[in-house]
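In the two complexes that follow, chain A is the common piece, with chain B as its partner first and chain C second.
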Partner chain A sequence: MLNMYWEVVRIRFLMMLAYRVNYYSGIIIYSLNIGVYYFLWMAIYGDNSSLQAMTAVQMATYIAISWMSRAFYFNNIDREIAQEIRDGTVAIQLIRPYQYLFVKAFQGLGEGIFRLLLFSIPGMIIVSFIFPIDLPGISPAWGYFAISLFLGFIVNVQINLMTGLLAFYIMNNQGLIFSKRVVVDLLSGLIIPITFYPEWAQKIIMLLPFQAISYLPTMTLVKGISGSQFLDAVLIQLVWILLLWIPIYLVWRHARKQLIVQGG
Partner chain B sequence: MFQIRLFHEYFKQYMKTRLAYRWDFLAQFLTNFLFQAVNLVFILVVFGHTSDLNGWNQYEVIAIYGYFLIPWSIFSAFFNLWDFNEKYIIKGELDRVLTRPVHSLLQIIMETMTPESLIGVFTGVLVMGYGIYHLDLTWTLLDFFFLVLFSIGGVLVYGGIYTILTSISLYTDSKTDIQPIIFNVSTYGRYPINIYHRFIQIALTWVLPFAFVGFYPASYLLDKQEWFWYAMATPLVGIVYLGLGVFTWNQGIKRYRGAGN
Partner chain C sequence: MLSIKAESLTKEFKVFQSRPGLKGAFRDLFNRQYRVIRAVDAIDLSVNQGEMVGYIGENGAGKSTTIKMLTGILQPTSGQLLVNGYDPHGQREQFVRTIGVVFGQRSQLWWDIAVQESFRLLQKVYRIPEQDFKPYLDRMIEVLNISPLLDQPVRKLSLGQRMRCELAAALIHQPALLFLDEPTIGLDVLVKENIRQFLKEINKEFGTTILLTTHDLADIEALCSRVVMLDKGKIIYDGGLQRLRNEWGDGKKIHIETVDTYTLSQLQAQTEGMKVHWIEEGPMRFTAILENGNAKVPEVISRIVEHVAVQEIQIEEASTEEIVRKIYQEGLVHA
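On to the complex of A and B.
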């Protein structure tokens, strides 16, 4: 069973490898984004050495890590699902002997692993030469980060599955997909670390699942979080992973029935 | 005059196709709005922690961003050349365009325009107005004149750069990813340029003059004298870059041989 899904990961990885040239420009684009936010944040820091318990160097590191993590967790499975629902190929996917949603999730993983190896890691090396960032050497912090990053990936996949499945109800959900991407970038802490939001906004954001995608993993590495603080972060991520399956399952069950009506 | 009539016809056809899917049309409005709001949220949040960005206060930064939206929206309404390579070169649509008696670039602009993006002009004026309202500036009639002139200049800068980039497809039929890269460079132009490294400032002025789209003209409108001559040069830079764009385009069309057989 797991073998089959692993094959899905492998095939997607190889598919990405065939079009790898596209990813060299991706590294430049991400570096440019890191650049603009680096200069903005450094201007915000000005003469302050520390804001909201983060030093300027930690902020630079935060920007670099969060963007390069995005390369790993970001994928277009929401768009793919919406496409397959619109052109009807989802019907064929349904009669195949696998769970469609899992296949999509593992395709996302294949894409993520590809970008991690050929995009994030070389990108991180380039960025660390350009900007003064401070990464931990060989230390358990990387292990903690890896765990948290992977959980963040799952949360993002779940949100993508949910957005994609809404194509069953909204014929053209391109706009929705795009809005979701903007909201995730803003509320996950990618553009602004969550501690920088005003108090009232922080309270709201802490009740939303988006922090699990970028803010929690990145903070794990930047602040070298471990012990009970790390467990708290992972717990938040795990709770969201469990909670998010509920709406996905309900929508999926209901939507499949809808599809039969459409096909009949 | 013929071109204007043609433009009107294209516009009517476009609106018919878009209004066939009204909800989609509305959704696009909202997402455009949301996208612009994100940048505003960023500015509002960060000014909770500092009083200035290298000498620029919150309302000035907001006004610069608002101003930037004006030329940017006009540009994105008329220059949608993002999938030019795929649509016109690989699928061979350019051959059809070339057989018609109107300049090829103009036809492609009319075929790919998305006039609904012009709503961004409204958003821009609103955002800029909000910033300026809090700034205690006195606006004369001359300032409004410069606002219009600079906006046109900014559109020409953008249009010129993107025409040059799109023309690359006419010389080589392999895919390039240069457009999204330059798109990301252009976001640098909507913040005060003096926050960047000296090298980036020079690049944004002399190589890819995106500073002329947002920052330089806006600094003049905010009564900063430091970049006066740069601001005044905006229309000229626009004309030069659009000229370069049209020139590389025309040369490319002469060399174009089609992707098929």
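On to the complex of A and C.
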């Protein structure tokens, strides 16, 4: 069973290699983003050495880590699912003895692993030479970060699955997909760490699943969180993973009953 | 054993009906009107293991919808359905292991990767042990002549090349039942022939049941002993191809070119008492239409050549295509 899903990961890896130009342009975009946000935040810090219990160096590290993490957890499966629903290819997926949604999730993982190995890790090394960031050496913090990042990946996949599946009901959900992307970038703490939001906004954001994608994993590395604090963060992520399966399952079950294959 | 057993299988779709004009579009925003379309209307169908069945009908007759129900993609609105002993929609994951499907208009191979990578993925998907997989695949590669294509990405293949790969992909797990939805659409004569030959072999050797929809009746003539004809969601004919011909064929035609000029009545006189209708096509060209089953070709010819100097004789049988066209136009009233 798992054997097959790993094959899916491998195939996606090959597909990513087939479209290398995309990958090169991705490197440029991510480097630009890190640069832009670095200089923006350094301007905000000005002469202050610390804001909201975060030093300037920690902020630089936060930017680098969160963008490089994004390369791992970000994927386009929402757009792909919507596309397959719209042109009717989802029918082909249903004649295969596998779970469509799991296949999509593993395709996302294939994409993630590709970017992690060929993009995030080399990118991180380059960034650490250019900007003054502070990464822990060989320490268990990396292990904690890896666990948390993987859970963040799952939450993001779930949100993508949900967004994609809505194409069953809203045939053209490009706008929805785009706004979801902005919401995730904003509320997951990628653009602004959650502690920088006003008190009331923080309360709301803490009740949403998005923090589990980027903010929680990045903080484990930047602040070197461990022990009970780390367990709390992981617990929040796990709870969201469980909760998010419910609507996905219901929508998928309902959609499959209502399915009309587009284009004959 | 029955491969397919369907009883009063029905599928209805709710179709959104838009009102005309700008005003109508605004009204649609708040109050949508739906119309129920019955795409498949209470059909009964039994197919035995090892049969090759042609499933034909006009565009929109409900062929594809039936196939989609039989393959578990769509859930029937009502009716009983058992395919290979499974409920296709309810037991989807176990069920689809026992079938193979080719949709002529959609590719099920992975577009951006080499064909052999698709095959490898399918091997994992169907959990085929290597010792079974390799020899069987090698044989298909040889018969379908696709070995030069294996390392090419699917998007670079021509339609005919792709279709041969699709067939291999659909049969990779040796399914007992194969659905083909317009497998020869847009293919050239040679590839068509190649594919038909292959399907015949598969059917003979493995006893694979094949259900085929097509608009090319030559496919059906070459492959199927049984035809199921669908019109407006209902089965209007289910039986042998020969019976369809006998019942619906206009009868055979004999074209005669004479050496001298004759009148129509001279020829009519020769076949007096036989159910033959004569038409004058030109000064020295005549056609005799033999009423189905009541006049024999050899007898007509022997009577003619006795008294008429004939230059050339051509016998024409009503083609399946003609018969089917006639049924579509007139409806099957007396079936």
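Basically, the second predicted complex is superposed on the first by the 258 of 264 C-alpha atoms of A that agree within 3 Å, B and C clash if a C-alpha of one lies under 4 Å from a C-alpha of the other, contacts with A are read in each partner's own complex, and residues count from 1 in each chain.
One rule holds in what follows: contacts are C-beta pairs under 8 Å (C-beta built on N, C-alpha and C of every residue); 3 or more make two chains touch, one makes a residue touch a chain.
What you see is a predicted model; the values in this text were computed from it and never measured.
A.B. asks: With both complexes overlaid on chain A, does A:Leu250 touch chain B (first), chain C (second), both or neither?
C.D. replies: In the superposed model, A:Leu250 contacts neither chain B nor chain C.
A.B. asks: Please determine whether it is chain B or chain C that touches the greater number of chain A residues.
C.D. replies: Comparing chain B with chain C, the partner touching more chain A residues is B.
A.B. asks: Going by the contact rule set out at the top, does A:Leu235 touch chain B (first), chain C (second), both, or neither?
C.D. replies: neither
A.B. asks: For A:Leu117 in the superposed arrangement: first (chain B), second (chain C), both or neither?
C.D. replies: Neither partner.
A.B. asks: Which partner does A:Ala43 contact after superposing on A: first (chain B), second (chain C), both, neither?
C.D. replies: first
A.B. asks: Using the touch definition up top, name the residues of chain A that touch chain C in the complex.
C.D. replies: On the chain A side, the touching residues are 3-4, 7-8, 11, 14-15, 18-19, 88-89, 91-92, 94-99, 256-257, 259-261, 264.
A.B. asks: Enumerate the contact residues on chain C facing chain A in the complex.
C.D. replies: These residues of chain C touch chain A: 13, 64, 68, 71-75, 92-94, 96-97, 99, 101, 103, 105-108, 110, 112-113, 117, 120-121, 124-127, 153.
A.B. asks: For a test of understanding, state which residues of chain A touch chain B in their complex under the given definition.
C.D. replies: My answer: residues 22, 24-25, 28-29, 32-33, 35-36, 39-46, 48, 51-52, 172, 174-176, 178-179, 182-183, 185-186, 191-192, 196-198, 201.
A.B. asks: In the complex of these two chains, what residues of chain B are touching chain A?
C.D. replies: Touch list, chain B to chain A: 21, 23-24, 27-28, 30-31, 34-35, 38, 41-42, 45-46, 48-50, 52-54, 177-178, 180-181, 184-185, 187-188, 191-192, 195-197, 200.
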